[in-house]
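Both complexes shown next keep chain A, but they swap its partner, so chain B is in the first and chain C is in the second.
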Partner chain A sequence: MLLQLIASSFSLGSFYALIALGFSLIFGITRAFNLAHGDLILLSGYLAYALYKGLGAPVLLTLPLCMLALPIVTVVLHRFLRHVREPFELNTLVVTFGLSMVLQNAMLLAFSANFRLLPKADFTMLPPESTPVLNPGQIFLIALSLLATAATHVLLHHTFLGKALRATIQEREAARLAGIPVERMGVVAFALGGTLIGLAGPLYGQSAYLQPFAGPEPTLTAIIITIFAGVGRTRGILLGGWILGFVESAAALVLGSSWREMVAAVLLIALLLLRPEGLLTLRPHRESKA
Partner chain B sequence: MDAKTHTSQALVLLRTAAVVLLALFVLAVLPTALPAQSAAVRIGEIDPLTGKLAKHGTEIHEGIVAAVEEINQRGGILGRPVELAFRDDQSLPETAINQAEDLLYRENVLGLVGGYVDSLVAPVSELAAKHRIPYVASASLQRSLTQGRHNPYFFRVAHLDGIVRPLCGFVTNVLKARSIAILHSATPGSTEFAEEIRACLEAAHLPVTLFEKFRPGSHDFSAFLMKARQAAVDTLICGGFLPDHLMLVRQLKDQRIPVRHYIGPWGVAYGSFIEEMGRDSEGLLGMCAWNPGITRPGTDEQSQAFVERFRARFKKSPNSTTMHGYVSARALLAAIESVATTSTPLTGEAIAAKLRTVDIATPMERLAFDEQGDPKDYHQVIVQIQNGKMVAIYPPERATGKLE
Partner chain C sequence: MKPAKQLILPAFGVLILVGWPLSGLSTDMHHRVLGMAFFYGAFAMTWNISALTGAVSLGHAAFFGLGAYAAGLTSHYWQISPFLGVLLGGLLGGVYACLWALLFKNLRGARFALASLASVEIPKTLADNWDSLTSGSLGLVGIQSLPTLDLGAWHIAWGDDLKAQYFLLLAFMSMMVLFHFRSIRSRWGWAIRCVREDELAAAGLGVNVGAVRAQALILSGFLAGICGGLYAHLMGMIEPALVFSLHLSAMPLVLSLFGGRYEVFGPLLGALVLYPIDQLLFHSLLPVGHAGLYGLMIIVTFLFFPQGIAAWLQKRGKSA
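The block that comes next holds the complex of A and B.
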């Protein structure tokens, strides 16, 4: 059972990480606190659902299509948020809260209040009676999560664009003085974030369900994981997702299903008290006394 | 600025203020001073039309609209048209209270109808009692709302016994389960249901090996399913709602948990559930009080007529929740009509008194209320999904097929 628990935790944690990656990237680079993040994931999920139901597109094919479509939405959102005045974080929070409500009602009009589910990719290679520790759907989810995290990490740490993006995360004004076009970095961040949101949408429609008002939950998950990881820490996102997944699953197994959120909340509070900078963020060295 | 100019400016300001106040007064008084709007009979509805419960709230709303349009097509209540003032509670109890207050204070409705889940129904029922306005709830189960502290203005068209008794009989007599797991949502109605079904099954010496609750809206049931596998559960009863079943059944199939019978009293017996789950819904068991084709004996024609009218109006099929909305509105309208035929003024007290004597035949049930406001005759049937269709399999007198 322990092996099963670990496997389920990895799968759940990978799902959480996929939800959080786009939020973390956008917040880290632009400081835009996007409360409509979950609604954008649902929008991507609904787009995949429409392609699947309306055009009969296989779910696997909807992934790249959504990854192409959502950046358009997020770049438009970026252009809109450019007009937001200081204090930027707080004002974007208010503006995107409003956007969240607009998106919810638009999705209600377009897709009704029915609960929608995307089919899982059809893997028929397993013998019918076998009970593997990880089922193919979970393996697919973990693989995609690892791939998305690795791609984001490589982009941020091993390319010139990534260096510019990280410089913007670390010190916006210094980056501007060094000649980095920080405004353009914002567009890039929203486009990259949109790609990750586009990827998360169809997977959300498979692992959870689509409903026009279900957006606040993935938004909350993304915020929690970002706090776990520390801003701009892509590997920390995955680690945070896995830890949260493990804690939730273990609490449900040992204490009962109703305890999972309570234990996760206690963990989050403890982390905020003990490591407010995030799991993988190095603490600044204390200045030695003169 | 001299004193004269100052005085004349003050006078202008005073005059403007007086005109504005007068205009506001006229606007406030005008609606009551004018003759009543063709003396329409106004009833109010509060339902979750947005938010997480929007699906079922919308279904109830459509059932209520169907009942109001039906009576208006017959000429209304003694020639007076019925008007429905409906409000969206956004699936939030505090909004439900605000909207109910709006209907009671501003819209002056004669009665309230609608409501989905007890957390939204309970506060409205208390407000209705305070205003002495009857409230016929469409979907409410919690016992404490009708028993213990009696509220003479509260009525509902469903009760828990109508679900627990047939389900307990089915699991005991038909399934003969060896190891039962009960998982329920942490809502008042679902919790009461789970405790009562456990007590009933244990009284019949059936082993309930796993009993757990979960937060509504949970997406991950893998830990619970691990325990179900270890306990060799062969019958799983889930007191969750439609989205919970979508998640649980999918994970049950993904993890290949060898559960023989899956029962979801709420949420499985829906066309939309079958559509989303596809082949994975085959063999699942659900419950309903009515569905097209699953109707109270002797009401087939009435049921079919309702289905046809509904499809023509809403371009979709009604379901059990729709019927609960329709029946609750029918009850309230029947009581109002009954009062209107006498010389008694149409007051909340008079309508509530008439609701206690209402006796109407509907495709779902023969509706009459007991002293607490619960329906006297409410029995759900067990259905199984077979070849993409719902087939009634228990109790035997309502069965149209057999358990597969």
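The block that comes next holds the complex of A and C.
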């Protein structure tokens, strides 16, 4: 029982980290608060579904295709959001709130309110009894989530581009003075975030049902983890994802799954009240000294 | 503009809105759509009262839904008078707003917006799961409709007669215009504006910043709760997914932004333009998904008319 709980929260949490990573990168680098994050994930999931159902593409192939398609969407979004006036955070939040409604209704129109599920990727090479606690779908989910998180971590911490991105997160103006093209970093952030969203979509469609109005939930997840971990901290995000996955799984076990949304909402409010610095992108000085 | 001149346009508007149904040229569908446009305009103004202090809320559906459930449940279990129930709805909304004012007093901007967004989930999940009290996600049905007023020879059936309902909603909206007017053009309204523009300077001028923000929020929650209570009796049925919806949280925001957040008649103008367009035009063109129009309007307004159409029209009027 406990093992099952830990296994499921581990797989859920790893996926949560993947969801939060894209949000955190976009928010950290451009300060654009993307409330349509979850809806974009669902859009990617539906795209995979359409490719699979309409064109008969194998499920594994939909992953790279979505990872190519979604950055285009997010970079276009970035072009629009650049025109938003100050206060930028609040105003982008409101605009993407509108975008979220548009996307939800567009997906409702295109795919109807029926629940859709992508079939799990095929793993015939695994012997069926080799995994007592994790099923192959979960292992696939965990592996890809961790791989993407690790790749983002390497990109951020071990490449020159990553250094520039982190500098932009920490001190936007100083980064500009140091010759970093901050605007271009914004495009990079949205493209990277889009790739992560593109990856998350088909995975979401394989592990949970696609439904046009399901978007706010992953958005909430991403925001909670980002506030918990601070912006652009891959390891913190991974840890936050696991903790949230565990708390939600445990809450679902104890209270019943219908209370899960409330647990997430209470967590978000508590984090906003207790960790007001979680959303600050510009002042990591205190932590860097320690 | 001189004050006298300023009153001409609203007075003219009222004259049309009162005179048109009396002239007999209107149909029941017009009464229904315009009446609901008044209703949502009123709801938008309650939202704007707190938004004027700078606290942009994405969670007014919480007050609305709580008000609707307070009115619906008291009517369902004790059959109390709808007007008393609506008032109780307002009180419940006000109490929840008190909680916000206490807990969120240090949150500003995006943080307040997020906290308000999350606050809807709490009463919603409660209403969804407390089956024995609220009958859960099935919702409450058969809430008594608004009463009939007997004035000798006149029977004003607010529940059944759409024309009577139209006038009731017009009166309701006018009351909200009064509250909204006072939150813009009064000593208190100036304090609100001060708090919005610069809290530090406001405090320096002797404005009690915390109190003004809390007052505006609680008044806003109370009035939004009243809107919710009225909604329960207008519709006769409520369910959690309906009265605590994202759509209801977005509606006042869209209408106010579109009409102009800082104008007395801005939110109302937004409602009178957008709601009929949505209902009469988009509803028939796109039976599913027409609610996306409101999302689209947020984006368009924000990118092209950041001050709202009222201010945009005024500016054009001046330059022409």
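Simple rule for what comes next: the second predicted complex is superposed on the first by the 242 of 290 C-alpha atoms of A that agree within 3 Å, B and C clash if a C-alpha of one lies under 4 Å from a C-alpha of the other, contacts with A are read in each partner's own complex, and residues count from 1 in each chain.
Note that a residue touches a chain if its C-beta (ideal position, glycine included) is under 8 Å from a C-beta of that chain, and two chains touch if they have at least 3 such contacts.
All values reported here derive from a predicted model rather than from experimental measurement.
Asks: Just checking: does A:Leu117 make contact with chain B only, chain C only, both, or neither of them? Give me first, second, both or neither.
Replies: After superposition on chain A, A:Leu117 lies in contact with chain B alone.
Asks: For A:Gln211, select first, second, both or neither according to whether it touches chain B, chain C, the two together, or no partner.
Replies: The answer is first: A:Gln211 touches chain B but not chain C.
Asks: Return first, second, both or neither, reflecting whether A:Leu108 touches chain B, chain C, both chains, or no partner chain.
Replies: A:Leu108: touches chain B and chain C.
Asks: Please work out whether A:Arg85 is in contact with chain B alone, chain C alone, both, or neither, and reply first, second, both or neither.
Replies: Second partner only.
Asks: Touch check for A:Leu273: first (chain B), second (chain C), both, or neither?
Replies: second
Asks: Given the touch rule stated above, what does A:Glu261 touch, chain B (first), chain C (second), both, or neither?
Replies: both
Asks: Using the superposition on chain A described above, determine whether A:Ser8 touches chain B (first), chain C (second), both, or neither.
Replies: So A:Ser8 only meets chain B here.
Asks: Which partner does A:Val182 contact after superposing on A: first (chain B), second (chain C), both, neither?
Replies: A:Val182 contacts neither chain B nor chain C.
Asks: With the two complexes superposed on chain A, say which partner A:Gly98 touches: chain B (first), chain C (second), both, or neither.
Replies: In the superposition, A:Gly98 contacts chain C only.
Asks: From the superposed pair, tell me which chain A residues show up as contacts to chain B and also as contacts to chain C.
Replies: Residues common to the chain A contacts of chain C and of chain B are 104-105, 108, 112, 256, 258, 261, listed in rising order.
Asks: State the interface residues of chain C toward chain A in the complex, per the touch definition above.
Replies: Those residues of chain C that touch chain A are 56, 58, 103-104, 106-107, 109-111, 113-115, 118-122, 124-126, 128-129, 246-247, 250, 253-254, 257, 286, 288-292, 294-299, 302-303, 306.
Asks: Using the touch rule from the top, collect the residues of chain A that touch chain C in their complex.
Replies: Against chain C, the touching part of chain A is residues 33, 80, 83-85, 87, 89-91, 93-95, 97-106, 108-109, 112, 216, 220, 223, 256, 258-259, 261-262, 264-266, 268-269, 272-273, 276, 279.
Asks: Touching chain B in the complex: which residues of chain A?
Replies: Counting only chain A, the residues touching chain B are 1, 4-5, 8, 11-12, 104-105, 108, 112-117, 119-120, 129-131, 135, 137-138, 207-209, 211-214, 217, 248-250, 252-253, 256-258, 260-261.
Asks: For the complex, which residues does chain B have touching chain A?
Replies: Of all residues in chain B, those touching chain A are 50-52, 54-55, 57-58, 91, 183, 186, 212-215, 217-224, 226-227, 230, 242-243, 246-247, 250, 254-256, 272, 276-278.
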